[in-house]
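Multiple structures follow.
In the two assemblies presented below, subunit A is common to both, partnered first by subunit B and then by subunit C.
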Partner chain A sequence: MNNRVGLYFALPALIVLFMLIAYPVAYTGLLSVTDKTGAWVGGSNFAAMLKPKVTTQAFVNTLWWVGGSIVFQVILGTAAAVLLNQNFWGRAAIRSITLIPWVVPGIVAATTWAWMFHTEFGIINYMMTSTHLVAKPVGWLTEPNLVLPVLIAINVWKLFPFVAIMVLAGLQSIPNDLYEAARVDGANFWHEVWHIMLPGVRPVLTAVTLLLVIWALNSITIIYAITRGGPANKTLITPIQIFRQAFESFSFNQAAALSVMFFAVVIVIVFIYIRVSSAEPGVAR
Partner chain B sequence: MNTLPRTAMLALAVSTLTLTTAAYAGEVVWWTPNWGEARAKELVEKFQAANPGITIKMEVTVSDGLPARVLTALQSGAAPDIIEVQHGWVNGYAQNDLVIPLDDTIQDANDYTKAALDYVSWGGKLWAIPYRIETHAIIYNKGLWKAAGLDPEKVPQTWAELVDDAAKIAASGVSGFAITGGGEVGNTIFRSLPFIWMNGGGIVSDDVKTAIVNQPAAVEAVKFYTDFYKNGQSPASTLQNDGAANRKLFIAQQVAAYQSGQFDVPSILKEAPSTEIGVFAIPHPEGKNTAAILGGWSYVIPKDAKNPGDAKTFLQFLSTSENQAFFTDTFPARISSMDADRFKDPILSVFKSMLPYGRPVPIHKNWVQITQAYFDGIQRILTGDQDVQAAMDQANEEIQALLDQ
Partner chain C sequence: MRGTGLTWPLILIGSILLVVVCLFPFVWMALSSIKTLQELYTVPPHWWPNAPTLENFAHVLFASNIPRYFLNSVIISGGSTGLALILAIFASYGFARFEFRSKPFWQAFVLVGQLLPTAAIIVPLFITLRVLGLVNTYWGLILVYMIITLPLSVWMLTSYFKAIPVELEEAAIIDGSSRLGVLFRITLPLSLPGLIAVIVYAFVTTWNEFIFALCFATDSTVKTLPIGLSEFSTEFNTDWGAVMAASMVMTVPIALLFLVFQRMFVGGLTAGATKG
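On to the complex of A and B.
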């Protein structure tokens, strides 16, 4: 009886969730195995998407993009949190300033960076050439080997404050006794970081990293606003390829096929990650 | 739970919906781009005065992201009654059954530039009414030509002369001829495909069945195009430049010449009034004709339009010779509209002389992806990843796969 009342309360929310999530997912699945007229075509959309080299290239780029972004976001964010957790004058102000990149709307940040990195008009090249750091303008967004790292740097800049603020919250929940006890035993600052702070924020880091992985896998704004995946697909990641396929090339069925494959890969990555990160709780203690 | 209130709620909801729909009768929703807003308002007032039973509701669009917005509206089932779209988009809509044929709406079809009508026809039917046509020419800065020791009245006619002049100007520290290699794909298609055409080649064969972009005619033209960057005559930022970026660099006196349409002229004169602008036809290979892509805008009526009948009446009003001449930003699609005084400005004469050389882009359901594959090839050349032949070989293979689908 009680269970059923609970279900009634949850029902409206479940219906909304079903309409907003389950239906689009199922419909995407249907699109991926049909053609424009709705006729069954089996795996031909999948085959058509897997054949071009660009699909592989986009997938490899996606791995670099996600990996590069996460590693630096977590390291930089955690380091910033540890620093902001110290006692110093003006701490509150600096904590607020740190948040700015995260608060700025993605499209605004991306467009601003695109201008700053522009080869001809950009302030970065202007400063570097006028101080004679470099002889001629650097093609930040056009050099094949430079452009993805530059975009990753922008993504790191955008999201490390989020990591910092979450980890900072975690750090503040660590009781002071632990630090005092460690100091009595002769621990220095690095010992505190390694043996008290990091183990203390482990659950926070796990959750935050999972979020970052999902966001990086989904992210379109920064790359699309700055390079649209170019030059020569050097910054094309799979979500942008899906977007292009659907909304620039009008082929929704092939876009759906690519989405389904991407969805499967993402599910596996997230699943492995959750298993690994929850497998060894004993180690941290 | 009591069923009565629920039924009542449903009934209320349904009747509200019906009421809202009913309110649409006699109203035509028209999506029109922002650059023609003032002129559009004037036309609407004229039309409403003559047709008291029909109200035109204008919704102003902007070019950025417009293809996606139009497509979303067409697919959603909640489309406006008339949309202004580029000629090149129409075929995709027609093939996906998103717009209705307008053979019964067009009047004096013989008075239209044939290439424009061809552009928006498919399967023997006409899917849009063109009202604006344009092609590129080359806009150049006479002052920078003089500064490089060139005679600004002696403009290059052939590829070799253009390369020569661009090199001389580049030696004076300014980009001699700016190409595009970034931004939206269409920018680079519009600027490089004509060179392939005038050299006798193409991206795809005339029957749109075979990729021919790795044939010698196309490869030679692509090399000619990309060499402007490779040889330092196009700006260092070429790989991120679209047409608008080239215009900015031209205004900033960093670029001496670039391809564009007449719509760039007013904004150059506004931002750099002292610049002495000239226009010349796009140079051709020795002994061959020039070519250009015919661009421009058409009206379509979506399949889900709520009021197609009144929309057609309004379209016929918009498409009169006089109104086309008044409304277009560049040139009108109707031949008789071209007689209007506003098209007699001398700066327009070269653009006008390019119109007969304007060709529609090939029609294929995967055309957007085909241009993307070609554009990726151009970018691989510009980044130094591949040489011209290798890049076009790869593009050819990808394009053939898209044609075979």
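On to the complex of A and C.
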């Protein structure tokens, strides 16, 4: 029998994806080494993007954004999963509620939190001043050194539920005998968390973390909707810089050069991550 | 029975904390959406509205572009969900049931699509769409959303199809059914939970999508809800009451859709992930 049949089934989807992925990627490369008229300009677009300080600053901000988001998403998500893995009344309802931040549109999360963090009328400043945690209202979204951590916190809130459901699925596939054996040995709950649950969900966590890295590198919505990269570029991350270069300054070729560099860095990060995470399955903790 | 378990005070505190953290922003959104402007701008803020009003909703529904954007969102999300579903059904069936030489390559290609930094391809996509005359059209966004929805849909459906015993299909083929007949009369009905997972996933992600819509839909005839919402809040003087009302209009349908199909959706998603 013709063994091409499978390929024919997959072909329409593959053509669409090829058109939408491979072609634009190649086209980005072409744009990055040409100018508006299509003439070859070598590396000058790259040089023009590397020179200004803002590019370095955006890159450093991106690292903080990705690192900060992921550490807390994984920790809080895993903690929530361990909690929801317990047997207690009302657990199903709480599981559903936990998923809500992940399901709501990013733009809704961004605007709602922006309103809650509002300096004068925000509920968060009210709660903190009325309980005397802070003496006077804090400019959460205007204080240069506070904005990025606040945005990271919003991003953590948005995505820790995803970690929680994935880890919860991993926890539920751990065989019961392991717990029983541990209890015979006199293990308490925290021993079980450390020696059974965490090792058990390691493969899930590895896969989820990779997705989180990609999503954090792609996420524009929350930052763009709240600060657009300001104040003074304190929250400008590279994806937003690309976007603004292309659609606010309308210099597509330089935006493409920046995209190529960003793309290269992302691929290196993903590659290193996959190598490291698949190389140490049996490492003792 | 499992584990030694947490003590009940810890469970109680943890649960309350979790619920408050996850729900409070929505409660506050709902409360803010029924407050008058003066009340929104009161220091200290009132927890409960003194004079609840539907004025903000009236403003959003009758005096803004939001209803039009809502319609655009329904058409674009519906269209791209349908297209992704059709393409993913055939592709997943091909991947799950047949062997062909280039299969590992194409499967990796589909996965890489999921890992692609979207910011890096916005520019060429925009230029391509402009050449094709698809900027500011429904079709432009529907097509572009395949990048987001198709890879994970193919991934989820492939693992679903693989879980259905081949013997069922072989029996039907012996009885004279065609390949397509088998797919539509046996495999698809059996993978209904998987199909629903894909539909919910594709609809929710495209409904929520912001950055492609921001770049490729700049005309109010095709703008989607997320863009409409950001228009409210980026004006110099934000009308927070209207913003919160518009947020409600945008969130409630998607939250309902999700809660109804939650079980199947989570099942489909985690099945794909834990089987690797």
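Here is the rule we use: the second predicted complex is superposed on the first by the 269 of 285 C-alpha atoms of A that agree within 3 Å, B and C clash if a C-alpha of one lies under 4 Å from a C-alpha of the other, contacts with A are read in each partner's own complex, and residues count from 1 in each chain.
The working rule: a contact is a pair of C-beta atoms (placed from the backbone, for glycine too) under 8 Å apart; a residue touches a chain by one contact, two chains touch by 3 or more.
On a predicted model such as this, the values are computed, not experimentally measured, just so you know.
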{"item": "More subunit A residues in contact [subunit B versus subunit C]", "value": "C"}
{"item": "Touching partner for A:247 - first (subunit B), second (subunit C), both, neither", "value": "both"}
{"item": "First (subunit B), second (subunit C), both or neither touched by A:158", "value": "neither"}
{"item": "First (subunit B), second (subunit C), both or neither touched by A:101", "value": "second"}
{"item": "Which of subunit B and subunit C A:52 touches, first, second, both or neither", "value": "first"}
{"item": "Contacts of A:256 with subunit B and subunit C, given as first, second, both or neither", "value": "second"}
{"item": "Which of subunit B and subunit C A:136 touches, first, second, both or neither", "value": "first"}
{"item": "Contacts of A:126 with subunit B and subunit C, given as first, second, both or neither", "value": "second"}
{"item": "Footprint overlap on subunit A, comparing subunit B with subunit C", "value": "118, 120-121, 247"}
{"item": "Footprint of subunit A on subunit B - complex, ascending", "value": "67-68, 71-72, 92, 96, 181-185, 235-240, 248-249, 254, 366, 368-369, 372-373, 376, 379-380, 382-385, 394, 398, 401, 405"}
{"item": "In the complex, subunit C residues that touch subunit A", "value": "1-6, 8, 11, 14-15, 18-19, 21-23, 25-26, 28-29, 32, 40-45, 87-88, 90-91, 93-95, 97-103, 106, 109-110, 112-128, 143-144, 146-147, 150-151, 154, 179, 204, 207-208, 210-211, 214-215, 225-226, 229-230, 232-233, 240, 243-244, 247, 250-251, 254-255, 258-259, 262, 266, 269-270, 273-274, 276"}
{"item": "Residue numbers on subunit A that touch subunit B, as the complex places them", "value": "36, 48, 51-54, 118-121, 136-137, 139, 141-144, 227-228, 230-234, 244-245, 247-251"}
{"item": "Partner subunit C, residues of subunit A touching it in the complex", "value": "3-14, 16-18, 20-21, 23-25, 27-28, 31, 79-80, 83, 85-88, 90, 94, 96-101, 103-109, 111-116, 118, 120-123, 126, 130, 157, 161, 165-166, 169-170, 173, 176, 179, 183, 187-189, 192, 203-204, 207-208, 210, 214, 217-218, 220-221, 224-225, 238-240, 242-243, 246-247, 252, 255-256, 259-260, 262-263, 266, 270"}
